[in-house]
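Here the chain labels run A, B, C and D in written order, and each chain numbers its own residues starting at 1.
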Amino acid sequence: MIYLHYFAGLKEAAGKPEESLPWTSGTAADVLQWAATTYSNFDFSAVQIAVNEEYVLETEPVKPGDHVAFIPPVSGG
Amino acid sequence: MIYLHYFAGLKEAAGKPEESLPWTSGTAADVLQWAATTYSNFDFSAVQIAVNEEYVLETEPVKPGDHVAFIPPVSGG
Amino acid sequence: MDVGLKKPFEVTFEPLEPMKCMNYVTRPEAGAVTLFAGTVREWTNGKRTMHLEYEAYVPMAEKKLAEIGAEIEKKWPGSRVAIVHRIGALAISDLAVVIAVSSPHRRAAYEANEYAIEQIKKVVPIWKKEIWEDGEKWIGDQSYKPGSEQL
Amino acid sequence: MDVGLKKPFEVTFEPLEPMKCMNYVTRPEAGAVTLFAGTVREWTNGKRTMHLEYEAYVPMAEKKLAEIGAEIEKKWPGSRVAIVHRIGALAISDLAVVIAVSSPHRRAAYEANEYAIEQIKKVVPIWKKEIWEDGEKWIGDQSYKPGSEQL
């Protein structure tokens, strides 16, 4: 199981702030692929991925228990 | 009569914050000359002159009733 | 009684209190304190913002704010930093972010403060939604710039 | 009740209140507020400052502060400025000067604020005397830099 976190427009597109997903092994790119397929109404092209609150490359392995957050372009400040 | 204003080290050298001086006509340079002679224990080399709260050149005429201030290098902030 | 800043890098729903940030960074070794406040701006290019909503990935955002602070304290020796960001619904002129930096010398205090806001706008997972009279939009494309404080 | 800033360019014997300056410049058109506070620094190059004394040619100093503010509001359109300077005896960490600048955009707010302190240190008739354990001195040669906020 991994835990997915959605924010801003993606949270609205998904209709929820978080969900869990059965998981054995894979990379951040695999998780992104799953989300992009599941929430095809959202444009993931500029989204960064954070695993356990740290930005990662798409090649980063994702292990069961990890928290994966999709980070649309930020606009704080 | 003109009114002279002293600050910081010059105020201490003069032993007073201000004084008046009989005056008919002259320039800022003349006032400076008078002060430098009178308070020869103070170094006037870096002092600027303000007449009626505005910096002036030494060639500026000084008229009776004017306020002349000697402005040592400032150190506010 | 001023209870002071709860933590120097915080994301909060509460109204921001700039003096708490300022007091946190002020100390005898410092001669200069700079403070930046990003406030909600009403008009941008003729478009009127009614209010803003900020959302954050709170634990990661606080971690990133702390990293920015640590980087600054290393890059500008003798500096101390506090950064607080508000989330939730904000009205016009409300404070969205407050950055306080102290330093022995003023140049560093200005530079480090500006560096902080630039980094925040790049890496801290916080998002802003603008609500106008006729619609709303999550802001994320940094080339698109209505409302609040901008480049 | 916050009675607000008495006047936006003031030289005063009273402790400075940064929030009054900040509130004075904050308004719906502004998205950024920068605040600078020059504080009394204890240690400089191993020499310990006990306290400072500031003196001013008050009417001219307030006039010059207002001129600096007017120049900034012209040079950085849409900005608003407040500057207050304390005089008299100041203790370590006391605020000597507070400068608040608001602007629609942050770059201008930083730039204008730094411009203000640079101008103050050049043209505003205010003097600082440092009091150490073993002596005192009016500071005026800007190349000589112990205590308070410096270049």
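Keep in mind that, in the parts below, a contact is a pair of C-beta atoms (placed from the backbone, for glycine too) under 8 Å apart; a residue touches a chain by one contact, two chains touch by 3 or more.
Nothing here was measured: the structure is a model prediction, and the numbers come from that model.
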Contact-graph distance - origin subunit A, target subunit C: 1
Touching both subunit B and subunit C (chains): D
Maximum centroid distance from subunit D, chain identifier (CA atoms): A
Rounded Å distance, subunit C centre to subunit D centre (Cα mean): 23
Between subunit D and subunit A, distance of the C-alpha-averaged centres to the nearest whole Å: 48
Whole-Å gap between the CA centroids of subunit A and subunit B: 72
Where subunit B touches two or more other chains, by residue: none
Junction residues of subunit C, two or more chains touched: 38, 117, 148-149
Touching pairs among all chains present in the structure: A-C, B-D, C-D
Of all residues in subunit A, those that touch subunit C in their complex: 5, 7-9, 11-12, 46, 50, 53-55, 69, 71-77
Residue ranges of subunit D touching subunit C (in the complex, touch as defined): 18-19, 22, 26-43, 92-93, 102, 104-107, 109-110, 113-114, 117, 147-151
Residues of subunit D defined as touching subunit B within the complex: 38, 54-57, 59-61, 63, 85, 96-97, 117, 120-129, 138-142, 148-149
